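What follows is a pair of complexes built around chain A, which joins chain B in one and chain C in the other.
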Partner chain A sequence: MEIYLIIMLILMICGSLFSLHAKDLLSAVISYGIVGFGLVIAFLILQAPDLAIVQIVVEIITLVIMIAVLNNTTHQQEESRFHFSKMLYFAVVLIFAALFFIAFNKISPLLSSFGNHTTRMATPYMHGATVTGSANLVTGIVFGFRAYDTLGEATVLFTAVIGVLTILRLKGKKDE
Partner chain B sequence: MKGMTVIVKKVTQFMAPVIFIFGIYVVLNGHLSPGGGFAGGVIMASAFILQILANGEILDKLRKEESGLEFLESTAILGFLVVAALGLLLSGSFVFFSNFLKQGVIGELLSAGIIPLENIIVGTEVCAAIATIFIALVVFKDEVTK
Partner chain C sequence: MIPFILCFILFLIGIYGIITQKNLIKIIIGLAIMEYSVNLFLILIGYINGGTAPIITHYTSANASFVDPLPQALILTAIVIGLATTALLLALAIRLYRKYGTFDIRKINSLKG
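Now for the complex of A and B:
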């Protein structure tokens, strides 16, 4: 099971790297889709179907909007030349990657094994089905135990819509 | 954005109602099976987006649709707060979001108290929000190119 997850993660990393370096913007967007749909399969392997459903639908809509935007622009990205500062960035990234690798190598034996997290916060949620009465435990947590979080998420979405409408409005209300 | 060919339009006519009904199913069964308000709302909004992409826009209709969707969204988020406040008033304990309806049998469609109600409200809100954003982008593009 874990080997499939590692394969998916490597595929996602390859897709994101390609989308950074692609010459054509359309192929960059499509290879960005590899990351999203790979995340869907990773969620399914990790047994989180709720997240997988949300991720697959949002990914499809995001790709549709991005491709619709790309239809109105030029496909080609402007060429960038090689600079010395790029070498510096590359060196810094390599140093940090090596540091993280060493740190994780030392830390990871101290943690509990994969999938068996310490559930100090979530222990009351284990019997959530009998407390809230909903058969789907995730919905029971999202709308029962953590309804404040859901209210906050809905408010964030509402605020986002107001922001989009405010920015995109060309004519003021007074003109009408 | 012009409409697409006749084949795409016909297939969209058949598929969009099915997608919308599937979204309603996901919302209503949110407390029984995977899914819920957010996923179902986005599925319902994708039916709208499919229609707009396939048929091209008729701008007068879209403007009317946009104001209606804005009203729906604001009403839905107000309804979420009203449900929370009803839990504060009707149940004995003075707790926001407390479950004031009967829990029923686990696994039936009408169970889990206010959770299906909250699912429907959040589904409406998410559907209206995403459709509003998409329609606003389409209308904005038309106003700029004029």
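Now for the complex of A and C:
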């Protein structure tokens, strides 16, 4: 099972690299779709069907919004010349990569190796899910024990929608 | 250990995109890639070898092992919030395009002191 997961992850890495280096913005968005749909299959391999359903819906909506944005604006990209600042940015990326790699090395002994996880935190929830009577343990946890999470999520979602409507309103103030 | 490292590389690619790219759409794509890799990392931690999806059916035996449902419940929330932030960023990008006529962040500089 792990080999399929590794293949999907390598496909996602290739898709993200191509997406950041594509000449045309439309092909960048399409190859960003490779990452999202690869994530759907990775979730299915990791036995998380609820997440796969949510992710496929979210990915399609994101792609539709992105392509709509590009349709209303442009999908040409200005050529970027190679000069000194690009070297500087590359150095910054290398520094970030080194820092994150050190941090990853520090935390990796704390992680149990892949596939040998022990459910310390989730055990009370898993017993409790029989109390809530839900056949799906994930929705049992979300709505039975962590309903405030969903309330906060709805708050963030509505705030974002209000923000989008405010930014994209057709009429501005009078002095514009 | 290899899936963890590959997921970490995906995160680094997101950071690389944010720092080096000059186009607003590509910066947003880099942010979204980082968010995906974090979601995937938490699910990777919760995976158990031989575990099944945490759904109880008539065919589930009494001592069947499930994968950890708690990270799945938390990531379910995080995915939707990620969509909301991406939509907000794209709205800002389209607004900037109407004002300046370009997505290039080197030309969007009239707020510079």
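Remarks
As a convention for this text, the second predicted complex is superposed on the first by the 140 of 176 C-alpha atoms of A that agree within 3 Å, B and C clash if a C-alpha of one lies under 4 Å from a C-alpha of the other, contacts with A are read in each partner's own complex, and residues count from 1 in each chain.
Going forward, a contact is a pair of C-beta atoms (placed from the backbone, for glycine too) under 8 Å apart; a residue touches a chain by one contact, two chains touch by 3 or more.
Because the structure is predicted, anything quoted here is derived from the model rather than measured.
Taking chain A as the reference, the larger set of touched residues comes from C, when chain B and chain C are compared. Contacts of A:148 after superposition: chain B is touched, whereas chain C is not reached. In the superposed model, A:4 makes contact with neither chain B nor chain C.
Of the two partner chains, chain C is the only one touched by A:16; chain B is not. Judged by the touch definition given at the top, the superposed model places A:42 against chain C, while chain B stays out of reach. Contacts of A:61 after superposition: both chain B and chain C are touched. Once the two complexes are laid over each other on the shared chain, residue contacts for A:96 go to chain C alone; chain B is not touched.
Of the two partner chains, chain B and chain C are each touched by A:138. Of the two partner chains placed by superposition, only chain C is touched by A:86; chain B is not. In the superposition on chain A, chain A positions 49-50, 54, 58, 61, 65, 72, 129, 135-136, 138, 140, 142, 150, 153, 157, 160-161, 164, 168 are in contact with chain B in one complex as well as with chain C in the other. By the touch rule above, chain A contacts chain C in their complex via residues 2, 5-6, 9-10, 12-13, 16-17, 19-20, 25, 28-29, 32, 35-36, 39, 42-43, 46-51, 54-55, 58, 61-62, 65-66, 69-70, 72-74, 77-78, 80, 86, 89-90, 92-93, 96-97, 100, 104, 108, 111, 113-117, 119, 121-122, 125-126, 129, 135-138, 140-142, 146, 149-150, 152-153, 156-157, 159-161, 163-164, 167-168.
Of all residues in chain C, only 1-4, 6-17, 19-23, 25-26, 29-30, 32-33, 36, 39-40, 43-49, 51-57, 66-70, 72-77, 79-88, 90-95, 97, 102-104 touch chain A in the complex they form. If you check the complex, the residues on chain A that touch chain B are 49-50, 52-54, 57-58, 60-61, 64-65, 68, 72, 129-130, 132-136, 138-140, 142-144, 147-148, 150-151, 153-155, 157-158, 160-161, 164-165, 168, 170-171.
By the touch rule above, chain B contacts chain A in their complex via residues 1, 26, 30-39, 42-43, 45-46, 49, 53, 70, 73-74, 77, 80-81, 84, 96-97, 99, 103-104, 106-107, 111-115, 118-119, 122, 125-126, 129-130, 132-134, 136-137, 139-141, 143-144.
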